Structures are given as C-alpha cells and as structure tokens.
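Okay, here's the structure, questions in a sec.
In this document, chain identifiers A, B, C and D correspond to the written order of the chains, with residue numbering beginning at 1 in each.
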Amino acid sequence: MAGNTFGTAFRVTTWGESHGTAVGATIDGCPPGLKITTQELQKEMDRRRPGTGGAASPRNEPDKVEILSGIYNDTSTGTPITLIIHNKDAHSKSYDHLAQIFRPGHGDITYLKKYGIRDHRGGGRASARETAARVAAGAVAKLVLAQKAINICAYTIELGGIKAGERDLTEITNNRLFCPDSQAAARMEERIAEVKKENDTLGGIVEIRAQGVPVGLGEPVFDKLDGELARAMMSIGAVKGVEIGSGFAAAAMTGSQNNDPLTPDGFKSNNAGGILAGISSGVDIVVRVAVKPIPSIAQEQDTVDLDNKPIKIKIGGRHDISAIPRIIPVCEAMMALTLTDHLLRQRAIAG
Amino acid sequence: MAGNTFGTAFRVTTWGESHGTAVGATIDGCPPGLKITTQELQKEMDRRRPGTGGAASPRNEPDKVEILSGIYNDTSTGTPITLIIHNKDAHSKSYDHLAQIFRPGHGDITYLKKYGIRDHRGGGRASARETAARVAAGAVAKLVLAQKAINICAYTIELGGIKAGERDLTEITNNRLFCPDSQAAARMEERIAEVKKENDTLGGIVEIRAQGVPVGLGEPVFDKLDGELARAMMSIGAVKGVEIGSGFAAAAMTGSQNNDPLTPDGFKSNNAGGILAGISSGVDIVVRVAVKPIPSIAQEQDTVDLDNKPIKIKIGGRHDISAIPRIIPVCEAMMALTLTDHLLRQRAIAG
Amino acid sequence: MAGNTFGTAFRVTTWGESHGTAVGATIDGCPPGLKITTQELQKEMDRRRPGTGGAASPRNEPDKVEILSGIYNDTSTGTPITLIIHNKDAHSKSYDHLAQIFRPGHGDITYLKKYGIRDHRGGGRASARETAARVAAGAVAKLVLAQKAINICAYTIELGGIKAGERDLTEITNNRLFCPDSQAAARMEERIAEVKKENDTLGGIVEIRAQGVPVGLGEPVFDKLDGELARAMMSIGAVKGVEIGSGFAAAAMTGSQNNDPLTPDGFKSNNAGGILAGISSGVDIVVRVAVKPIPSIAQEQDTVDLDNKPIKIKIGGRHDISAIPRIIPVCEAMMALTLTDHLLRQRAIAG
Amino acid sequence: MAGNTFGTAFRVTTWGESHGTAVGATIDGCPPGLKITTQELQKEMDRRRPGTGGAASPRNEPDKVEILSGIYNDTSTGTPITLIIHNKDAHSKSYDHLAQIFRPGHGDITYLKKYGIRDHRGGGRASARETAARVAAGAVAKLVLAQKAINICAYTIELGGIKAGERDLTEITNNRLFCPDSQAAARMEERIAEVKKENDTLGGIVEIRAQGVPVGLGEPVFDKLDGELARAMMSIGAVKGVEIGSGFAAAAMTGSQNNDPLTPDGFKSNNAGGILAGISSGVDIVVRVAVKPIPSIAQEQDTVDLDNKPIKIKIGGRHDISAIPRIIPVCEAMMALTLTDHLLRQRAIAG
C-alpha cells in the first residue's frame, strides 16, 4: 500500500518525478467557497525557488503553478483541486552516469531494492523537487487557515553549527536564510562559503511556529496533533529529528520546571509547545526540526554499483549547500496541511 | 474524525479509560495462521506493570490480558482480534476533587475544551493506562515480526540528566531501568530517590532499536518509515521529541561526516538510523525519544478551576517519578506496530 | 488488508465469532455529549432476537449489550465506545461434524481458501450473529440521527414470492414480519409454514426508508450516498441485490417517466429515491434489498469435503426459515451507520 | 470529508470538471514493473468515446490520454501514476442559460445545496465526462489483472425494455450496443430511433462478468467483494440498482433452488455470482446494473430556478439517448479497479 497521500479530511496526494513531465498535487476536501487564484499560490512557490545565492542550486525552474480543476470563478467548488508545476529545466543527461551507482546518503539503493526499478533521473520521486507540490498544496491550506486568522512561519535557528541568538521574527524577511538573528545569519553565510570551498554541505535546525490556532485540534490517542506534526515534518526528506515545545531539553528537566502553570490569563510558560495530551491548547504551536546536510557532495566518497562492486563517486551537478533555506516554505506547508486537516476534522466532531 | 486507530494493513484500535470497565485493543489485519496464546501476550504485559521500586506507582493492576475474538485453537484466523484488560484497582474517588480543576501539564483543559465533557477519573482516556492496550497489541505484532526474525528492544540512555556511557545491550535486563550501562543505572536510581524527596519528577531519553528489518519497508513520500515511527512515538503521551539515526546531531554535521559510505559489505556507518529516503535499508533502525517528566507532582502548583479562578494544586495519589521504565515496552510496542504494518503493506506492493 | 471497519467519520469496527466469547463493536468518532444508556441500546437488540415463531431459530440468546468504554454518566465523551454482547447459548458441538465439510451456499469453502484456516463453529465470523454487533452500533447511530429528527424504518415488501400490496407503515408493528400489509403478512406466514414442512427456506425483499434526511449528504464521486448505501446493504450476508428509488424498474422507463419534475413545493415524484448525483435531495431515501433464502436447509444436498470428495449433507441445527424478519433491524442499522457517517462528513465540509 | 478516491491498496483519485481544463486520475499503489504505454491505455479510451450513432452525443472529444508521472521507460515504478485527458470540445456557452435553473434528474440542485456553489458548465464534476478518468485508470488496472489472466467484459442485456435472449459473448463486438444477442440489438436500435423522435431517452441493464478471478478476494465483513462491487457500480451516475448472481430473483427462490451444490468438479450452478460470504469463489463473477434513462430530454419539463420560481425547461445541447453503450467500458473499469484493489489487499494477508 502506497503512501503518497497526506491528511484525512483535507487530503493531499502529490505525484511526479524530478525529471518527468511535471510534479503536482491533488487536494480532496478543500472547503467550497474559498477564494483561490494562481497569483496567490505563486507567491508561495516563489519563496521555495532555487535562488542564486551561496546555498542554493543553480537549477532554474520558474515553478509556475497552474490550476487544472476544482476552482471556478477563482473560487473553490468543493471538488478536487489539482495543481500542476511543469518541469522545465531538468538536465537528465547529467544523471546518466548515476544510473549504475548508489549515491551515499540518498535513497537510490532503497528505492531500487523496494521496487525492483527506479527512475534515477534527478532522484526521481525522492528528489526535493517533489516538495514543490507540497508547497503548492500548502498555499491552499494557508488560505483556509487565514480565514481563521491562523498564521504560520518558519525560520532558521541553527545552520552549520551556528545558532541564532535573537528570536526577532520581524528579522526573518531581512536575510536570505529566514533567520530571526541577522548577525547570526551573516555568520551562517560565511560558514556556507567556507564549506562550499571544501566541497561539503551543511545541516541546521528550523523552527516552525503557528499562531492563532484554536484550542481543540488533534485527535487522541494515535492522531495526536504533535504526532501528526512529527510525521508531517519527518516526511520531508532531509529531516532527521522533530521536537515540540521544550522537546529533547525536557528530558533533563524536572516536572516542576517543565509543567506550564495555568493562570486566569493563560499558561505562564509554553514548554508544551502549544499541545497538551495531543490537543492544541490555544497558545503558539512550536516545532523544531533537525535538517541533515545535503548528501550530494563534490568530495570523493566510497560507494558500490548495481553489482555491489566498490566504486568512488564525486557528485557534481547543480546542488545546494544546505537544504536551508529552501526547506523553510516546505516546513510551513507541512504545518499548514496538518493544521487544516485537523481544523476540518474537528468540525466533524464538534458540529 | 477521531483518531484511535493506528496502522493501515495491520490496524489497531485501542479503547477504554483509566477508571472505566476495561481497556482494550482490536486488531484488524493480523495474518492468519499465527500461533498466539494469552501466556505469550501476558509476558509483554508483565513488563509494563507498575513495579514496587522507586520510580513506579503503587497502583497494583494485575493487567491480565484476555482474548475475546479472532483466535481459534491458539491460532489467528484472519478475523479481528480483540484483547481486553479489565481495570481492577482504580481508585476513582481519589480523583473526585480534581473534577473541577485543571492539572498543569495534563490534558484536562484541552480534553474539556475539545469535547465539552471529560471523564476526569484517573485522566480518563489520556491516562498512561491506555498504553496497556498498545502493549497487548504490540505483543501480537512482535509475534508477526518474530516469524521474520525481526527483533525490537528499547532501553534508557538518559534519565534525570544522567547519561548512559556504555551501550551494552546484554546489560539491559540486569537493572530495573532497562539501562545498557548498569553503573549509570545506579546513579539514575539515586537521582530518582533524590527527586522523590523533593516531590518532583524526572524525564529522560529512550532509544529503540529494531534488528533484522529487511530492506524495503516504508512508503514514500508521506508514509516514510521514519515519519511513521515519529508519529508512533510522539503518540505516546510523555514523548516530546523523536530523532532517527544521528538525529539532531546531524544538524551540526557536514555531508561528508553524516553520509554513510557504502561498501560491498554494507554501510560503513549508520547515521541514517537504518532508513534512507523513508525506506528501511536493511541495517538496524535506531530511534530515540525524549520523555518529559511526569506532570503529576506533589509540589504546590498554580492552576485554575473550571471557572478560570486561580487555585493552588498539589497532586497526591499513586504516581510514578518517571515515565521510564514503564514507557520502555510501550516504545517497543509502537515500533512493533509500525514495522508490522509496513511489512504487510510491502507485501501488497511486491506481491 | 482486512475490512472489518465501516465508515469514515463515524467508524464502526465489529469483531467476534458466532461461537467465541463474544461479539462486539467499537465506534470511533461518536460525537461527545450524546445521551446513551444500555436500556436504549437494548431496545434495538431485542428487535433482532430470535423469536419463537415459525421463521425464527430456537437459539436463545439474551443478546444483552454492555458498554465497556466511551460513555461517562450516560453521556458519550468523544472517545471510542466499545459495546459487547456475550455469547451464551452457543452449541458448538452440534457443528463438529461440519468441520470437514463445506455447506452449500455458505462461506465455508471461501473462508478456508482465503485464510488457510477457519473457525467452523457456527459459521465463525460469517455467521449472522456478527450482525448483533451492527445492531448495537446502529442503535448508537440512531441516537445521533434522532437529534436531527432523522428516522429510519425497514419493512418486508416480499417474502417467498408473496408481495405486500398496501404500504401502510403504521401496520408494520402489527405483525411479526414487519410487513406494511397485514393480509399479505398472513399469507407469508402460511408460505413459511409450508416451506418448513418441505425442509426448505425462503427469501424476500426488504425496503428501508429514511425520513427527515437533510439535503447535502453524500460525497461525489466515489462516495456517493447511493453507492455507500449499496455497499452497506450488500455487506449483509444474505443480501444479493440493492436498488434505490425506481431501481431496476428505471431500466425500462423513459427519461420523461423517470425524471422527478421540480416544483416550488418540492419534487413531484421520487423515482430518484431521495438521492440525486449521489447527494441526498431532502426527500425520503428509499432503498430495497433482495434477501436470498437461508442456505442451511434440512434437505439432502450435494457437496464436498476437505479432500474434495463428494458427500451428501443435510443441515440440522437451529436455523431460521428466512432471514426475514431478523434482517430488518440489521438493514436499519446499516442505513443508520451510513447516514450518521455522512452527516459528520458533511460537517467537515460545510463547517 | 470528500470522496473522490476509490480503493485501498490500488487507490484511484479522479479530478476535473466537464468544461474545465482537463479531467484526470491519479493512481497510488500500482505495482512496479508493469508495462504501460499510452497506446494501450488509449485503446480503452477509444471504446468510451462518443460515437456518431443514434444513441451517442455528437460532442467530439479525442479523449487523448497522457501520462504525467509514475512511468519510466514504459514501466511503472511504484510511484503515483497521473493520467490526464484534456477537454477540447467543451461548449460552455450552451450551458449559460442553465446557470439559474435546476435540470430535473440532475444533481444541479443537490450540488448547489451541498456546496453553496456549483460549476454549472456541462454539469461540472457530476458530468459523465468524469468517467473518462475512470476508464483511463481502469485501463491500468486491466493490465494488472491481465498478468493474472483475469478478464472482464460488460454487455447490454436490456435496453428500452428490450431484453437480450441469447448470451453469446462472441457477439458483443458485432454490434454497437455490446449486446450478446445481435437480433435484440437491432430491435434496441429501432427503439432508440423511435424514442429519439419523441425527444425522450432510454435506460437498460448491463451485465459485467469477470473471468479467471482466483478464490479468496474480498474482505469480510464490511469490505465484502459484492459490497465493494455494489458501491463501485452505484458510484456511476446513471446506475440505480446492482445485483450479484441470482440477485433480485433470489428473493422468490427457495434455498434448495438458490444454493449452488458443490461437486469435485466445482459448483453445479452459479446463483452466488462467484462470491460466497463476500469472498470470490473462483468461478465467474457476475454483476448486473440498472441504468436509468438519461435525464437530459428535449421535452418540456417542470422545474424551478434559483429563487424556487416555477419554470419550464427543454434541454437541447448534445446529449445521448441512452447511457448505454458508453457506460459499458465504465462498468468494466469499475470492476477492474475493484478486483485489482482486492488482489493487492489479499497479498498483504496471504503474504
């Protein structure tokens, strides 16, 4: 049983390969009567596009999203919305030599062993290009959330070992790395430049915050909101860890430190990250994800070929130094898809 | 839409409240022909029982599991298996004074606001008692996995800030905390005793390891194995963070450090934690979870009552100092349920 | 992937075998705040009980339903509701000689070939006894529907080839066969007596009607309300045909005959059976099902044993002459489960 | 919660409106390694195209199917397959006067009341055009089934009240109506011509037969194969009734007449229609569906407008006289999708 659908009430299925005709998303369950234009969706797409800066790949995709169904007179009708993003700038030839080799840190070997066949061009379905479809669908979800004044933003709090000190969210749009500490951002850029010379890559940590989420979202016991968010984030290729609120730090805290006391004005602290017993508590939802360094490096690495013979590999091509910042809108999209789904699910319960 | 079912091909629905008649699990999709006895299931149940040691609650439940359906002549028939564990030692009266108050760190407030009603007795459905049903279902899953020589074990690597140094898995059964470093375990016990005197509680970190998992489990892109495991673990009440392989440490590594080179004898390292692009790679799957300190503390805390009036609360009752070690078999159960589900899902694909 | 769950938002999983410990149902997604008592549920159970009349089996089950979870102070809490009906009067011994033989018209052979094992006692899971759990869950669904003034009733319009002429619904409770034409009911009883002497059995047709259903239920294109009802009804063992509104008669009509003209006062006719394009139209939903004669007959029949050797079989035991009238509350339950599910699903859409 | 997805292991989501950009289908769960070409899929599409004969609409769509994803080197890779059929010959203008009126027998009124908005052009999503996507997806399913030597064919056994006498399946391709009795087909054509002059339309009955289905498909108790087929067929807009095997005729039979005795050579008869207790028995699966007359008639009819004012309507445009024969490949597609889904589901169970 395949797993290309996300969500229960607001269901998104993504499809398409990195070097195929197109990638796309089909949304089933979008509420009718929602104002949706390609212009609005395109804004989100543009945030995810490869830039020309140090960390970004020079692959130049316009990433133009088109609406194929479900919207009439710029308004959702309640029928499935299909969004398509054509692939334009795919250089499949540059992947030909990789058809016989497994790239370390990539899914080449697991895809082949799972399916007995793989579309090796550009990583096929395992490529980060698939996330373009998520961002498109997430843009629709954000419109649903906006109606309820729910807002999502993601930002870089660590990159290449450099941590953001300040958490000034107004600072995020002032630097290319979506970092709430512009001074740290500058040091991160230096680190990127450094590592680029070494033909290496970097990881980091992204924090995703949702504001305005009403109390009551999340379905105990297995579809707890934190569990759903953990899956959502971990379904992004580069993510290797997820934590909510105080997260791993909670492991070293005592109950009296970690509990969030209640007052008539609300919670005194937010170690819970906005989720109690799997249900949103009405305060900010705070999630952090660990982003691994991009595995495509231009250094020589040991690997094997299809016959399990040892071989050296050095990956050229057009690759980013870090999944950050391009992963930022993807993280936001996954948060938006999760919250929208649970918003609709809660309606079924509360009437 | 409620969320009390876990899995797609091997589906487990748990039901029951802490102080109701019983808790139970219904499994739909268990392969027929599997040898299952209550004795076998009871072994797992007994591992989760409250002990008499320092960290454990004195609530004394025999936790006797009974089979209501789906098994004939000690063999699964392919029909739904319902397991029931009756509640015997529930002291609901001791919760009466809590009906009007929200306990900090608990789901009291979110349950009430979500549903408009709550069964406050013993935490109702949000109680850790619900996990008894998971352990019972997980015991069945373990029998499915055993047929494929897949083995799961979980162990404590940090408690109250004290870290296990050694990782000697043979050591796990030699101490009550399932710690692979018995010396660290002794220090953890001291820390427990200390904190108990302070009427406080502790968190920690548990590592869960699956050995013998074949390559090919996990369904990209949204049902990646790591995403599914993240949800599985985060659906346990006390868990606030999940990481796979190098996890959060990967954020500070470079690609050349984090990639696992391939050799004809297999991977040189396992930073990926046994999962590449969401698909198991054939080596050990390694997951770590952050366990928060138990929120029920005997210290005085600020909270509010149903009328949002401020009130002081001090929680007595029979409570553990740490969710560890009782969470250990629960983590194993969730790993077992996830892997069994994906084992069956892969059959549908591979034929 | 097993299939013991019905519904999406109001999900019911039934479990249990005819001669096992119990049969039961677990409901996930019941709205919180609903008044539910065992007394109320028991009323529905009692309608399904084997009577002592000509058509009914003498197996004497009290069919006492118990609530195991999800209800606190006679009120649903939003958590899973598990209902259990213990098996008391199972005479498994009388089935011993059937362990090696496939009964014609039964699932003995298909169950064994599908699963490689079967619980032959009383037909195991394929027994009509499983429908006791459906009736219990359906009783909960009826309480949800009652809040919206939706009412369901089923009645016999044909039995043993004898058709009801009148359709006086007030007449239904005046005869044991739930027939809206008491004179026809008397002739049906004669036919039953006749066929009983011949050691044979009878089929018939049941009509199920839902009144007060609001416009807008049903999810095009695959989860159309008529499609969902068709599946619901055909999932009852004895049902071999389903039709909506004019049904099979529509095949011989012209468009001008079959269309239901619209007037300011509503539809002039109801050939559509209350469903247009898969969505309820606000008038009565009318479904008819073809019920096959019970396959357990006391006449000698040809069959084979486990070794595919020919053998004669004559089925004694305690069997009904017709699935009617006991199937009546089962049909109502399936209608109730379907409508409740779509009522909740529509909430998620309409907000 | 929307309902545009069919299937569990072989999942098909259709999307698109009659007069939008395109209609399409996304298949998730197609086994990898399957040979698939557009040429092969196009063959099925061509069978559904509007002809130029008496019963068919003159709308001239080339119905050219394109593959957007999931297939590499003419081989399925296990990733989602998206198929698209662009709309070319949509005359939306001819529907402008219908924006304010509800056509009798159509979903205009229910769509509007459900969603609060509707795309009235060509019936939007409720149009039979949506079935083009089903046929495309069904063509893929047929390729999966062909590997197991499972074959599906549908044919007309009644049209406009005229019944096929013979059931010579070799005759089906010899007449435009896919009728196994060519003499009856000729009389059906006469009836079509007659009714066309009267500006009226016709219904009929289609039988769908699957040959070569292995024993063991279907998931009791709710996902019985007959229940799933009933839903599949009833999800086709024009279908108002479904029966399996002896179907409604069984209602008037006795058990001794309806039971299919077993012999060492198999079943003596097939009143069960190839399904026992919801599981395929290894003989032909036989389903019949009642097709209602097309509601778009050129006669004057009573209806109301958006303000519930009475109005007369006469529907011009390009409409068929009967959904037969164009519904034939759609019925086959739904049978193919259902069987493929259960073929894969059974793999998960049987290993």
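By our rule, a residue touches a chain if its C-beta (ideal position, glycine included) is under 8 Å from a C-beta of that chain, and two chains touch if they have at least 3 such contacts.
Keep in mind the model is a prediction, meaning the values are calculated, not measured.
Compared on C-beta pairs in contact, A-C and A-B come out with A-B as the pair having more.
Of all chains, the one whose CA centroid is most distant from that of subunit C is A. Centre-to-centre separation of subunit A and subunit B, using mean CA positions: 26 Å. Taking each chain's centre as the average of its CA atoms, subunit A and subunit C sit 46 Å apart. Residue positions 1-5, 8-9, 14, 29, 32, 78-79, 114-116, 125, 220, 344-345, 348-350 of subunit A are each in touch with at least two other chains. Note for the complex: subunit C touches subunit B at residues 1-5, 8-9, 11, 13-17, 20-24, 26, 28-29, 32-33, 66-70, 72, 75, 77-82, 84, 114-119, 121, 124-125, 344, 348. Within the complex formed with subunit B, the residues of subunit D that make contact are 1, 9, 29, 31-32, 78-79, 220, 344-345, 347-351. Residue ranges of subunit C in contact with subunit D, taken from their complex: 1-6, 8-9, 14, 102, 104-107, 109-111, 113-116, 125-126, 130, 158, 160-161, 195, 198, 200-205, 215-216, 218-224, 226-235, 237, 240-264, 268, 272-273, 276-282, 290-297, 299, 301-304, 308-310, 345-346, 348-350.
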